[in-house]
Structures are given as structure tokens and as C-alpha cells.
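Multiple structures follow.
Two complexes are shown next, each including subunit A; its partner changes from subunit B in the first to subunit C in the second.
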Partner chain A sequence: MVEDTRLLHTAANIILLIGMAFILLPLVITAIVATQSYEDFIAQGLSLRIGDHFWQNIKTVFTETTIPRQITNSVIVALLVACGKCVLAFLTAFAIVYFQARYGTLIFAFVLATILMPIDLRVITTYQIAANIMSPINGLMDLSGLNDLIERLGGQRLYFELSLLNSYIGMAAPVVAHGTGTFLFRQYLRTLPKDLARAATLDGAGPIRFMIDIALPLSKAPMAALFVLMFLGGWTQYLWPLVAASTPDMQTAVVGLARLAPNLEEGIPDYPMIMTAALLVSIIPLGVTAFMQRFITYGLTLVEK
Partner chain B sequence: MRTQAVDIYLEGVTKSYGAIQAIPHLTARFIAGEFTVILGPSGCGKSTLLMCIAGLESLSSGTIKIGDDFVHRKEPKDRGCAMVFQNYALYPHMSVLENITYNLKIAGLAKNERIVRARKVARIVDLDDYLDRRPGQLSGGQRQRVAIARAIVREPRVLLYDEPLSNLDARLRQDMRQELAQLHKRIGATSLFVTHDQLEAMSLADRIMLLNKGSIEQFDTPENIYNNPASIFVATFIGSPSMNLIEVTGDGKVLRLEDDTILLKDTVCGAVMMGIRPEHIILDPQGSIKLYVQYQEKLGAQTVTSATLPTGQSIMLTTPADQAPVQKVVTALFPAEHIRYFDPTSGVARPAS
Partner chain C sequence: MMRGFYPHQWLPLVLALPQILLILLFFYIPVAQAFYWSFFLERPFGGGSIFVGWDNFYRVLMDREFWLSLQRTGFFMLFGSVLAVFLPLILALAADQQIRLSYPARNILVWPKAIAGASIGVVFAFIFNPFLGILAPLNELSPGFWNPRTQANDAWIMLLIAHVWNGIPFNFVILLAGLQSVPQTLLQAAAMDGAGPWRRLFDIHIPMIMPFLFLAFVLEFTESIVGAFGLVDTMTEGGPGGATTLLVYKIYIDGFKAYDLSGAATQTSLLMVFVIVLTLFQFLYLEKKIKYERG
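Here is the complex of A and B:
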């Protein structure tokens, strides 16, 4: 049996190593290309020779592209998304778990249904709303006939307009409501003893006080887990920031990175510089992942439960 | 620290969840300063009753009066009740001191005052050295003491206990019972203690309220509940092994078993349920009742013998270990002063004749 296990271990290790190579190879190529100069790259094509142009490339990224500015955008948007999701998810879960709302289950079902409606699916409608978040009110006023009345009285129809496009709020808000976080907190809060809320009630703590003094401090770990996962999610989202931000200095880093490669008809793009930018863009999520690793594992196990 | 003890009146209290009636109709008075145990099988509504008094559950109808105040419409915190929960319900992220003083903090007491009062109750429950610890660093018994300290620190008029000892092991439970009894003497608040453990009820209670399906079966002193059970339910619920119940028929002179065997002489007439506690059965060679020994449990000081009557009905008798029956067939006496009669259909006790 001992031999068998060892064989199994060896086989498992080999498979894992192959998998690692498969994942790491593109990253290694990225890193190597980032050290080469444009001229070398044109002359040699894709080669694995480490060049001496890395600092030069970094300088180029900082002086000639909007990537640094876009990294700041990404940080802001990712923070907004992560904070927004945590706050909203916690509040929703708290309400569902601790208030015996008559339609609590139904509300929770709706919240979960948002998981089935990712931004990719509703991008056009979301864009329409973001272009003028007052449009539902306008529509409602038209439908209800209120606008006809106003037109008859005042001679002019009312029309509100407020666009969130090309703003940080606009880039974060549509993805903030998300069922997974609510689900995570709901599962977690339900594992807390029921008597905890009763004890707090007898101690004189109202619902808000109970939330701030007891439920929130006890939810630190899932909160951190959700925050990390959602920060990474906010950082890497592509479609919505691409649509929502129209000027380069409002775009996020991931979008900006894609924009660095122009059409191939205009000549071979400066791949060494693009690869350098890609490395720079990865530093923050990489750091967050490394720093908050244990929370990520915790969060994932919690979701699986 | 002694609080001003007050009476609690429940008047026509009902509680239902949808179509399910947890408490059909309950009227009772808990006397000021008494330690009342609310006892009953699981699902009898005893915890629900406690939650209603505390204000954690609303009443369907009826009134609750604590002292001179009608409280059934008041917020839990304004009722002057404190509660000790089954699973302690301590705040895990707070120190023992913070746990004990949380309600004082909400009530707006200054920090110095809070600490003074926390130290005072910590001394009462023997927790002086643990005020900086977290609940997770304490043993089960210590956690329960924190929960008690948290309840008594605000000097409540009423102390409510919801099966507080059921998570402790047997040895600790006995120690905590004694501590609770002493604590009650010291504090003197009107106390209600919910449990399904008759031993706890018998040892702690000034009076026991025995609930069955949300209604009071008997509300009396432990002695009376044990010696004069008001119904068959009480007779079988209290005592371990429980009271023997034998169906007999009386003709005014003697009581006969179903197979016409004469059991004993009494003037009771008609079909009745006769009850006798296992320890009251006397083994006597001159006895008139034949018992066929089936099985014995030797518990050290006592021996519990399971035997059958001539009709085949099994009865239990407890004897001191050295007086346990050794033969297969023995004769016994049922002393008249220990025999109780119940109505076989309604289950209600017949008054002593």
C-alpha cells in the first residue's frame, strides 16, 4: 500500500507541475518580453532571451500612456465596487435573517435571481439607464398621464436627465447589487445563535445597535473574504467599464491595456511596452491576493457550504 | 444587592402560531421573591411562555402584569426582566467585562460606574479573575456564570432562566444548582426557571408549574406535586421510575384487578386508576399481592426491580439495595396512605377519601 500511495503522489505531483507550467508559461513570456526593446522584438519575434530594456519600458508606460492614471481609476472603481457590495450584501442579509418580513423568502429569491443576470446579459438596458438614470421617472410620468396634465397646464412636458456615464459611480453602481454576497452573509448570520439577538434585545439594544455592536464585528471574517473577492472582481471587470467610460482618462486599467494594442494594420504594436504595462496593472491585485490569501480561502469555503 | 421582588400576574394569556396553539389559555400568579420552575416535556410551551413574559414573543391575547405595571405592550428592555439563555448567548467578541456591562452601556451609565457594578456581580459569581477574558477562553460553567452575571448586574425585578443548565455535564449541573439556589436567596428577585429536568425542578423550586400542551397541569410545591399529583400526567411525569398506575375496580369493600384477583381493601367504587410510587411498595411475606420478578437494576444504594402483577401488567419497585427481592416470586403490601386514585378517563386525581 505504501508503494501505491507513493506512486499516486508522484503522479499527482507530475499532473500539478504540468498544470502549473501551462498556467505560468504565458506569464513567464509576458515577463520576458517586457524586458526587451521594440527593435529587438521586431528583429527576433517572440524569443525567450531576457533583454535589458525593462526600466526603459516602464518609463515609456509612465510617460507616454494613460496607464498610471487608469490604474488609479481601477483602484477607485474596484474599491467602490467592493465596499458597495459588502455594505449592500450585509444590510440585505441582516434584514432577511433578523426581520420576519412577510415576503422575506420571496425577496431572497429575487436577490438570488440577480446571480442569473450578470452585467454581460443586461449591458444594453443598463447602459440606457446609466445614460439617464431619470428615464424610469420620465417613463412613469408619461405612462401615468401626469405629463399630459403638466403639458396642458404649463404648456411643456417635464423631462429629467442625469447621466452617470463616464463617472466612477456610474462604473461601480450597476455591478454593486449582487446575490452571492447576500447569500454568503445570510448563510453566515444564520449560523450565529438565535439567542444572541434575544440577549441583545433584553440588554436594550435595538436592531441597528445590534447590527453595529454585535452582528458586524462577528462578521469580520466573511466581510474580509467578500471584500477581497469583490475587489479582484471589480479590478478585472472589462465589459461594463469599456461601455460606461468614454474618455481615456476615465477608463480602467484593464480597458486601457486592451486599447494599447492598435489595429495590426497600423504596424506591429509595441508588445514589450504592452507587456510591461500588463505587469504593472497586475501588481495591485497580486498584492491584495498575497496579503489577504487566508480570507479568500475562508470565503470560498463559506460559499461552498 | 437585593432587588425589590414583585408579583407576576398572567391573565388569560394565549399564544398561537398560525393555526397552532402553543398556549391555549393561561392564568397564573408568580409570587414575589419565589423561585418558580416551569416544568414540562419538550414542546409544552414552557419556553414560549418565558419568551412572552420577557417580551421576546408577543401575546396573542391576555395581559401580563409585573408588580403594578401592565407590561405586555412594553418593549422587552422596559419590562425589568433579565434572562439567562440555554446556550449562554454571550457576545463572543467582547470580554467578560464588556459582556456583563453591555446593557449598562446602552442604558447610558458612565464607564466608572459600569466597572464598579461589574466587579460587584463578578465577585458574587466568582469571576473576579476572568473579567478580561473572552467567552471562548472560559469553561462551560464559567460561561454560564457570565450569563448569570450579565442578567443580575442591572438588578432586575424578574429573573428568567431558559434551561440554563442543560448544556453542562451532570457533575457541574449539580454544583450550579446549588449555586443558583444560594444566588436566589441572596438576590431575591422573582425567578422563573424553565426546564424539562424534573430533578432540577424538585431541587430548585419553591413551587413548580407543570405544563402540558400549554396548559397548567399542576402548580404547587415540589412536595405536593410529588406526593399528591393532580393528574395521571403529573403522576407519570414526576418521579423516576414514575408512579405505578394500575387499573382496578372497586365494589365498596375490595379492589380487584382485571382478572378478579383481590388487590387490597378499600371503599372506592367503580373503575379507577390506582397509583403508587415504586418506593412505597413494601415487600412482606404476609403481603396479599403476588409479584413475579422480571428484572433488576442495581444502582448502588438502591435497587430498581421490575415485576409483573398476576394480570401481567408490569410495575416497578425501588428498595434499598440490601432489601431487594431475591426470589422469583414475592408478596407485597400497598400501604393505604400512599395510594392515590385517578379517574381513568379524565386522568384527574380523586380527592382523598
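Here is the complex of A and C:
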């Protein structure tokens, strides 16, 4: 730059320091309280002294709460969300970008509309569907009069029932039904040269072969970015897993952590233990974020383009 | 709009079908059902339903609690999203400078992305606990100075702080990407012409990142309407005295705790209409006002 930037840079440094302190402060407090014993905590209140009770607290969390089991649940649900999203979104985006079919735009609009209304907004009726995913078929059969016909012929109405509540698929599927991934892949695939498909055709490869052998390997970076973002998205879901799983054994870690937290008036809760649980619940996604930060930034900016 | 390459008519439909079915089942049918249920009196545990016309809407719209929680949602949306966009904007402007601190900042400021709203809610509820938290010493000096369990303002401050904390990563990354796409030559030319940092901020940076700011606000509005659930549920449980009962929280309580499915579905429909109207307004009206000067 052509001017003296010292003042500007000092200001920028101060702003960034404040910003990082704001982000880190709750995490640091969580980590420090997690090392203290309940007795010390009661005696001192919130203090920044590092205690020696960390392993003890971890042991308590492992023996007295369902958090470890729930962390496993979270890993499974988050992986299901991430894998489901990557596969489905890639297939759809490929269909939209590489085919001449006019209804591609229609499919795109159909998928994109989901961004407007996140799962938390439609949780009441999504719950009813997950409680019996056959209910649309039952409804259709009743509406179309097919069931009346069956009743007259067979004497009994047909009714199908299949509940996804309290299952990993049930916790992941409604979260996967969302359009960001398709949007991200579409943005990316459109930047690839169109001649690739032509060249592949000249070499005798059909669309499926082209998709698997050329488009897919070229999409490694956005695939990794989407995977990381959706893993985090699946992990941090709260309202949906809260209603979709009713037993502690099936709940996700975030829901389990919130259940550990005390009701408003009940003496002094074991905060060192709760903070240890908070730390354990967040350590996997936090590690993913810190080490795969490149992919997150890439993924988020790809959505913007 | 470029055209696709392959002429196959059915293959693209087959490829997209899994996603279409999933979205149909878990998005369109639930959305349609919310509207459908709004016209029926639904009994919990499948006791059948009766068509009641506009009765549910009449009941909900005459309920003062509904309007109050809608008003709180609007309030949270405005304050929450303004804070959750402008604070990251300031941070992004700082991180856009050529300074060494910019590198760790770009990593650390993204960390909250990994933490669920409900998890940080548990942590902040502890940190702001009036008797055990960091403000407890102030409460000893002047009793009743800070208590989010009894004072609505304190509860709101706590919610907004947690909301901003959780909202920093996305908006920071988006706005920083916007700032970095501003051509350096343009800034250097402006500096040569004697435009100081403030002048460049308002005449170059802000106009150039308008599309990014617009996107941040559009997404943040929806996020603040629905994402607040985890915070409210873990920090205030809608209290004190219902002061933080936002509409998403009320819908959850009505539907899953009070088993008023018709009432919850009706409020869901109204909230969906609110979100759709808001988004359309932003796209059809506001976006035109933003000048896209970038190629």
C-alpha cells in the first residue's frame, strides 16, 4: 500500500484479538472448570485455577452418564447425514448440469426450495411422517378410493406402518432432505469445461461412466468440503434428534448434554462434570473444524459463488 | 444459462430420483400436512380428525400469546441478525489486512461452527449463572444486578451473545471472501488519490461486498428464526415469565408437550408464510435495490 498502515494494522490486530478472545473464552472456561473437583468448585465458585480432577471427571461421565454411548450415536448420525448428502446431492447436481432434459431446471427449483424452510420449522409434521413413513401411501389409497375397493373385495382395508423414530436412519434422513449440497455441486460442476463430456463420448464413455470416472474424481475438493460441513451439521442438530429419539440410548450427544444440564432450581449442580461432558461432546467436531478448516472455508464460499 | 450435454430423457430423472423422493417425503409432505392440519382438529395419538375450517386460525390469531411470541421472534430476528452480521463484518475487515494475526484468526473464528447451539447454550447458561458465573461477584456487590432467570433483559442479552457467538463463522467466512475479491489495484488507486481507510471502506469495500452482505442477511434471518430453539431450550426455557418464548419454542411446547397438534400445525403454517413472504420480499424488492457492479 502507498500509505502508512501502522495505525490501521494496530487497530486490526486489536479487533482480531478481541474477536478471538470472545470465541475462546467460553471454551477455555469450559476446559478449566472441567479440571476442577465438585468440592473445589463449590468452595471457589467460578475460578480460573486449573484443578487435578480432569481424569476423575471423565471417569464420572463415562460411568454415570449415557454420554459415551450418545457420542457414538452422534458419530453414526453425522456420518449418515454427510454420506447421504454427498451421494444424493452429487447425483442430482450431475443430472441437472450434464443433461439437456428441460425438466432439470424444475428439479433444481424443487430441491432449492428446501433451503427456505429448515427442519426445525416443520418439525411437528415431519415427526408424524417419521412415525409412519407409509402414511402418505395410506392417505393416497384412502383418497383415491383404492382402499374402498380393496375393502369391498377383501373385506379389510390395507394399512401400512413403518416407524423411523428411534432409529439412526430416522434421525439422519429428514436432515439430508435439504438442498444446499445440490446447490454446491451444481455451482462447482458448472465451472468444469463442457468439452470433458464431449471428449469422453468420443472415447466411447457413456454418461454414467463419465460421471464415475471423470466428474467424480474432479469433484474431490467440493465433496470433501460438503462432507465436512454436513458432518458438522449432522452433529450439531438439536431439535430434530430431540423429538426423533425418545430413549437416552438413541439420543445424540448434544441432546444428552442438554439433558444433563440442571433444571432451574435444584441446588448446585455438578458443573465440573457437566463441563467435562460439554468438552467430550464437542471435541470431535472441534477437531474436524480446526484441522479441516480449509475445506469449510472452501465449501462456504462455494455456496456463495 | 448453458445447456447440458447428454440428450438422454429419462436417465437424469433416475439419477435425481433418490433425492427427489427423500425431499418429497420429508419436506413437501410435512409442509403440505402442516397447512392441511391447520383446517382440522387433530387428536393426539391418532384419534381421528374433524374438519373445522378456519377455526384453528381464528383460535391462534385471537391468542395474545401467539402475537407476543411472533413479536419476540421478530425482535430476535432484527437484533440477532444485525449483530450476527455486523460484528463478523468488522472482524472480516480486520482479517482482510496484511497482518500476521489474520491467519490464526481465520482458523479460530470458524470454531463455533463445530459447536451446537444447544451445547454452547449449556456453557453460556453456566457462565452467566447469577450465583456461580463470571458476573456473580458483581451480584455480591449489588444484589440483583444480573439475573437472567428473573430479569427479561438479562435473559435476552444472554441469548443474543450466544446467538452471535454461534453465528460468527458463516458470516465471517462469507464476508471475508467478499472482501478478498475486491481488486487490490482498485484500492491502491483510491489510496493514491488520497482516499483514507474510512473513505475506502464506505466507497469501495461496502458497495463491492453488497451481494455478500445481502446473502448473509437472507440466510441469517431464517437462521435466527429457527436456530434460536437450541439456545432458548437450554438457557431460558422460554422464561422468565415467557419473555423469551420465541415462536419456534412455543410451537414445540404446544405440539410436543401440550399435544395441541392442530394449534402447533396452524402456528407452523403461519410461521412458514412469514418466512416465505420475508424471503420473497428480500429477493424481489431488496435485491433490486442493491447495485451489482461486479461482473
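Operating definition for what follows: the second predicted complex is superposed on the first by the 297 of 305 C-alpha atoms of A that agree within 3 Å, B and C clash if a C-alpha of one lies under 4 Å from a C-alpha of the other, contacts with A are read in each partner's own complex, and residues count from 1 in each chain.
Heads up, the rule we're going with is that contacts are C-beta pairs under 8 Å (C-beta built on N, C-alpha and C of every residue); 3 or more make two chains touch, one makes a residue touch a chain.
Every value quoted in this text rests on a predicted model; they were computed, and no experiment measured them.
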Return fit or clash for subunit B versus subunit C, each positioned on subunit A through the superposition.
-> fit
Name the contact category of A:Ala11: first (subunit B only), second (subunit C only), both, or neither.
-> second
Looking at the overlay, does A:Met275 come into contact with subunit B only (first), subunit C only (second), both, or neither?
-> second
Give one of first, second, both or neither to describe whether A:Gly267 is in contact with subunit B, with subunit C, with both, or with none.
-> neither
Who contacts more of subunit A, subunit B or subunit C?
-> C
Please indicate which partner A:Gly154 is in contact with in the superposed arrangement: first for subunit B, second for subunit C, both, or neither.
-> neither
Report for A:Arg209: first if it touches subunit B alone, second if subunit C alone, otherwise both or neither.
-> first
First (subunit B), second (subunit C), both or neither: which does A:Arg198 touch?
-> both
For A:Pro217, decide between first (touching subunit B), second (touching subunit C), both and neither.
-> first
Looking at the overlay, what does A:Gln237 touch: subunit B (first), subunit C (second), both, or neither?
-> second
Can you pull out the angle centred on subunit A between the C-alpha centres of subunit B and subunit C, to the nearest 10°?
-> 90
State the minimum pairwise Cα distance, in Å, between subunit B and subunit C in the overlaid complexes.
-> 8
Kindly list the residues of subunit A that each of subunit B and subunit C touches, one partner per complex.
-> 198, 201
Subunit B residues touching subunit A - in the complex, by the definition given at the top | 51, 54-56, 76-77, 81-83, 85-93, 102-103, 106-107, 150, 162
In their complex, what parts of subunit A are in touch with subunit B?
-> 193, 195-196, 198-205, 209, 213-214, 217-218
Hey, which residues of subunit A end up touching subunit C in the complex?
-> 1-3, 5, 8-9, 11-13, 15-17, 19-20, 22-24, 26-27, 29-30, 33, 45-46, 87-89, 91-92, 94-101, 103-104, 107, 110-111, 113-114, 116-118, 120-130, 133, 136, 173-174, 176-179, 182, 190, 194, 197-198, 201, 207-208, 232, 235-239, 242-243, 254-255, 257-258, 260-261, 264, 268, 271, 274-275, 278, 281-282, 285-286, 288-290, 293, 296-297, 300-301, 304
Which residues of subunit C touch subunit A in their complex?
-> 2-9, 11-13, 15-16, 18-20, 22-23, 25-27, 29-31, 33-34, 37, 87, 90-91, 93-95, 97-99, 101-102, 104-127, 132-134, 136, 149, 165, 168-170, 173-174, 177-178, 187-188, 191-192, 196-197, 212, 215, 222-223, 225-227, 229-230, 233-234, 237, 239, 248, 251-252, 255-256, 261, 264-265, 268, 271-272, 275-276, 279
